[in-house]
Amino acid sequence: MATRQPDLNIALIGYGFMGAAHSQGWRVAPRFFDLPRQPHRSVIVGRDAERAAAAADKYGWIEVETDWRRVIERDDIDLVDICSPGNSHAEIAIAALAAGKHVLCEKPLANSVEEAELMARAAEEAASRGVFAMVGFSYRRVPAISFARELVAQGRIGEIRQVRAQYLQDWLVDARGPMTWRLDKTLAGSGSLGDIGAHAVDSVQFITGQSIESVSGILHTFVTERPLLGESIGLGGTASDEFGPVTVDDAALFTAKLSGGAIGAFEATRYATGRKNALRLEFSGTEGAIAFDLERMNELEFYDRRDPAGEQGFRRILVTEPEHPYASAWWPTGHGLGYDHPFAHQVRDLVVDIAEQRQPRPSFADGLQVQRVLGAVEQSAAEGSAWVGTEGH
Amino acid sequence: MATRQPDLNIALIGYGFMGAAHSQGWRVAPRFFDLPRQPHRSVIVGRDAERAAAAADKYGWIEVETDWRRVIERDDIDLVDICSPGNSHAEIAIAALAAGKHVLCEKPLANSVEEAELMARAAEEAASRGVFAMVGFSYRRVPAISFARELVAQGRIGEIRQVRAQYLQDWLVDARGPMTWRLDKTLAGSGSLGDIGAHAVDSVQFITGQSIESVSGILHTFVTERPLLGESIGLGGTASDEFGPVTVDDAALFTAKLSGGAIGAFEATRYATGRKNALRLEFSGTEGAIAFDLERMNELEFYDRRDPAGEQGFRRILVTEPEHPYASAWWPTGHGLGYDHPFAHQVRDLVVDIAEQRQPRPSFADGLQVQRVLGAVEQSAAEGSAWVGTEGH
Amino acid sequence: MATRQPDLNIALIGYGFMGAAHSQGWRVAPRFFDLPRQPHRSVIVGRDAERAAAAADKYGWIEVETDWRRVIERDDIDLVDICSPGNSHAEIAIAALAAGKHVLCEKPLANSVEEAELMARAAEEAASRGVFAMVGFSYRRVPAISFARELVAQGRIGEIRQVRAQYLQDWLVDARGPMTWRLDKTLAGSGSLGDIGAHAVDSVQFITGQSIESVSGILHTFVTERPLLGESIGLGGTASDEFGPVTVDDAALFTAKLSGGAIGAFEATRYATGRKNALRLEFSGTEGAIAFDLERMNELEFYDRRDPAGEQGFRRILVTEPEHPYASAWWPTGHGLGYDHPFAHQVRDLVVDIAEQRQPRPSFADGLQVQRVLGAVEQSAAEGSAWVGTEGH
Amino acid sequence: MATRQPDLNIALIGYGFMGAAHSQGWRVAPRFFDLPRQPHRSVIVGRDAERAAAAADKYGWIEVETDWRRVIERDDIDLVDICSPGNSHAEIAIAALAAGKHVLCEKPLANSVEEAELMARAAEEAASRGVFAMVGFSYRRVPAISFARELVAQGRIGEIRQVRAQYLQDWLVDARGPMTWRLDKTLAGSGSLGDIGAHAVDSVQFITGQSIESVSGILHTFVTERPLLGESIGLGGTASDEFGPVTVDDAALFTAKLSGGAIGAFEATRYATGRKNALRLEFSGTEGAIAFDLERMNELEFYDRRDPAGEQGFRRILVTEPEHPYASAWWPTGHGLGYDHPFAHQVRDLVVDIAEQRQPRPSFADGLQVQRVLGAVEQSAAEGSAWVGTEGH
């Protein structure tokens, strides 16, 4: 990274939870990583001018726009970071890529397989012009998850036979909690499946290096009607007096067959009382095993069958050593990272890939593959849990 | 339990792993519990006279028989404890009940639903004559599991919405490990599903008080051929040079709908590398949650949504307090129990129920219900994971 | 163990908590281990004839005596198992050894260093006559603790630099809980220090193979007066209206220097709210580390610095594999043991050593060494935490 | 916070590990907290102009100075943030306060009690002029630690009887690892004691609201000579061929008496093999207990004796709920924080206190009290572990 390349001007679309997290990534990454192009938080875009201005002030963006089309027309913008709701992803991303802007698009890629296909095609075409697109599965950059992938790739657990993947949250347990856009199929596309199940699917495919080829599953809605939202707070908010229908799944359960021969059991739910953000992954291989829980994101458990008999056990590895992905950029051994640090890793990798004119991962094609799995789960659920291939999706 | 009733003479059929565990139950229970009838380890039965005699010596049984029919004919035997392989259960149990002997039958009740139905009918008829049958799901008597049932029954976790049940072992991970009777469908009936999946099913039905009404699942065999068994050691043994086909499932994965409206995700496997005996249960309710792992059998995790906001968390309860089931019979607080103690609890409850002329639980009807679930899983697996009701099974 | 030697007739003195635990050891050991001499539960001794008879019935002893001197005079008794309070140990043990009886004496060996010295001398003399004495530090036979010693002896953690040893209980937290004999210095000798601190000291010396050479510490009594005992329940009981002074320590804290150069931090307390039976040990060595918690007695944590960089972490080893001490006598892998199993291990090792005419460990000399450490702690506490050597003690 | 006050221009002295952490605090705090005065990263000071310039670029400071005296003379600097080695703290802080600059001084406050006294006096005098000083015990702002203090203050664990505090690291385990300034008494003042023991002392005093009144302890150096440092990496570095003497303690062990009657056991070490950053705290009270481990910094364990009998257990609370300190500024429930977030909390609290003309905590007087404890430990260690009061220190 000897010669520094031109700066990189960013436009961020959206200023919700993800807008805040991405802003933190853009802010922090250049301070801890040596980036070949210096990112600038140039423009933030929101339909409500007043709230967008407040967000610009809070998150540190220089300008404000209310129409994303305007930033795409601007010559001085190099990269569009899409953090708006899923139903807007396709239109924005495709337009941005066509206009020669690199794109970072928050997950899930789209609300349907069809949209995702269009996006993946647009990304492929843009890449041939040196314009790149990435989808924001930030958990790939949790050091423990990156390290798990390395261990698998090095054959440390041998051939993977079984996968367990659960994403457990509980913020909907209270049936009196109000509706939010995340419970409205029109806006969110799906419920637990698309929101958090997508992370489980991407993490499994990333770590194993295998793709999910077919699924059998169910979707379930425990609370079919909720009070409409008063004021928004965190992922929830206060309740009003009127009620509206919940049109997405509360929980998704499915079984999967992977391209390398493994079978997997998946669950995504927002009703796992007491579990706050438990993305739990376990990989059972012929030579070892790996287990992870996002609630303890600085730890990875690794079982090595090649250890001497009697000395085998799951090792609790604190993934904060110089040998671990991203770790040496931060603090000394044992000083853990939090939820937002992987957003800085995402920025770092994206900027390096753009500078080196290399396709960043996860690509839109990777995001499409996740979307196909989600689509296949929905179809299987609609067809009495019949097995559905992901190819057609 | 003022007046002591006549002693109870026991005949034990079988002297393998389960014969040893049951013997320990009969030996120890009278020393720690005040039993209304004093059990005697009268006769042990094994086809191989020499090995049966060695077992009698080792486990402390007075007499030896080589034919179970002989002990059923004897007037001095009050109870037949069946620890022989599953394919012999039905014949022995039905004959013993017909002969007026109480029966304790190791799980799973039988190798097929048909056999289990005959047994349940025989047990029902015998009960009307004051002759009782129990199936040996000993884990119901793990204090943490009994206590979990109490918490659920008291409404401490509210209405249960989701169940997670995994029984993870890894003793078949090595593909060079030899065949045993547990891998032969003719003898074992099924593989992980019947052997350990049965425990998961019974534990869930016991704790929730709900029955599984329908299932969708798959069975999978990772290693389809193994060396034939040389010498038997523990659950495995040494390998010979010849090979034979594995005719049972290595792993079973299924989704279930319960009578109370909950949905459940089940897994039983002997290929979960690094997991030695992890029966893991989690119940997500409207007011709380319960989690358990048999590898830490003296602990129960309990989450109470009625705790003050900010103070909620899974409590690690050491189930060794006087308030906990069975605990006060043993050691002071914090002094844990092991795998075999629940067999003493099983003896205690069975003997008390017999003395009080009350149907012991789990009854053969309970065992049949488990069998129906297992049968439905097998059918669903054969039918492409279609949903299958347990009623017809 | 080809030729079987004569049977071994046991007399048990005492029928409290320890009497029950030792009885279970004598009952169970012959069923799981192949013993060269067959132990018989011949006589139980208690001053109260009625309660002794009830104990004989409950714990399975054939005869009852009310005076321990009578059993020592009997020719048919081979071994005296002393489970009476500490202030009686010296007199009984010395008399029994003089009468040619092997002795198993519950810990702590005595209530004072002086008594312990007399006992050790008597044991040494008896050993020269083929009569052996052992002190009942049963935790040495917890498989995880035995295995820790093996790992240390094999150099798996290198040279030990630091030791952490805590024995945390909480059954005295409630200041309204009643007095028991364990709080009366005349009967118990000391409080937490002698009762549970002794286990910590013995376990550390056993695992490291080093002896504690000097100490600096304090003793503290939080609740100096308690209601007198009504009815005894577990380790506590109900309270009466009168009060009495607590004359023992509630907590003991001390620092130690070990013969191999390690330094250690010790704590024994019955006021560690929420900790029920947490004997916690940690050994920090130049090449690795070992950690243990008795509340999870089937697990040992082992950290190996020789693992590849980035892959190091504490391994949670389930000490239930055939490679682990005592484990193969019991159940398959992953099926844990409880508090009472080590008492069977203790019987096994004692009987084998007697049969092979070999000094069993821990010997009375080992018990004396523990007593010297406890005495040195008391002296240091009395002298403002001055360093006190254990040699003079 | 309606009317915004003038901006706050910061000068940072030092650009090592702590300089990086403080920079991150200044950078991030304004984005997540609504601050009454806007901090500017105005000047960074380092003796080596080139390295200081690089740090300015990396950490985002506008100007560079090589002499801290120059920034103290500047009128446009409002606050001096001291992250240089401990032996420079007193001179800089006293001069800055005299010049009317607010001061944030990294811990430990000074290398000796004498210096700390001068600093505390200077701070007290400055406070009377509206100029404030704070010492940087950032762990007070770990949400779990702040929350622990709240629980104690609310009486949730009753009267505290016992404290356990360990700060365990292992980065010096390898005797071939090189010298660093942290092992040189002239620069570092002390070893484990001052570096990490200081955190344990401050955390305990903060959470309990009690001060340590007397101590008895030892200091120990395991490796007395090490290779001189080649290149610095993290807390360590590469080794050269020459050797130098280690002049600080490797481990410190001490017992303490607290002002509220509790007794405490403390340990600080860099030789706890396998423990990377384990600040472990446990508080045993009459009504409950609290336990914490910095390696799992998003969790707090809380045991409530007022829970129903049989339902008591340590609750694992994820300290990420809106009810928890600082948490609502960040991410949704269950999305954890890392090592650097508390530095933002520190900035937030400091800026608010300055704006409200209120003494920030921990004050230099608080830092002095910690220093007195450390000094008393050193004196006790020099006097054969005699008890030493902290008053004279």
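Residue numbering begins at 1 within each chain, and the chains themselves are lettered A, B, C and D in the order written.
In this text, a residue touches a chain if its C-beta (ideal position, glycine included) is under 8 Å from a C-beta of that chain, and two chains touch if they have at least 3 such contacts.
As the structure is a computational prediction, the values presented were derived from the model and not from experiment.
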Selected interface, A-D versus B-D, where C-beta contact pairs are more numerous: A-D
Remotest chain, chain A as reference, centres from CA atoms: C
Gap in Å, rounded to a whole number, between the CA centres of chain B and chain A: 42
Rounded Å distance between chain A and chain D, as computed from the means of their C-alpha atoms: 35
Distance between chain centroids, defined by C-alpha means - chain B, chain D (Å): 54
Junction residues of chain D - those touching two or more other chains: 275, 312-314, 318
For the chain D and chain C complex, residues of the former touching the latter: 157, 161-162, 164, 166, 170, 173, 175, 216-218, 220, 222, 251, 253, 255, 263, 265, 267, 269, 271-275, 282, 284-289, 303, 305, 312-314, 384-387
Chain A-touching residues of chain C, taken from the complex the two chains share: 147, 151, 156, 300-302, 304, 307, 309-318, 321-324
Contacting residues of chain B [partner chain C, same complex]: 17, 21, 23-24, 27-28, 31, 58-60, 169, 171, 233-235, 275-278, 295-298, 318, 320, 322, 328, 330-341
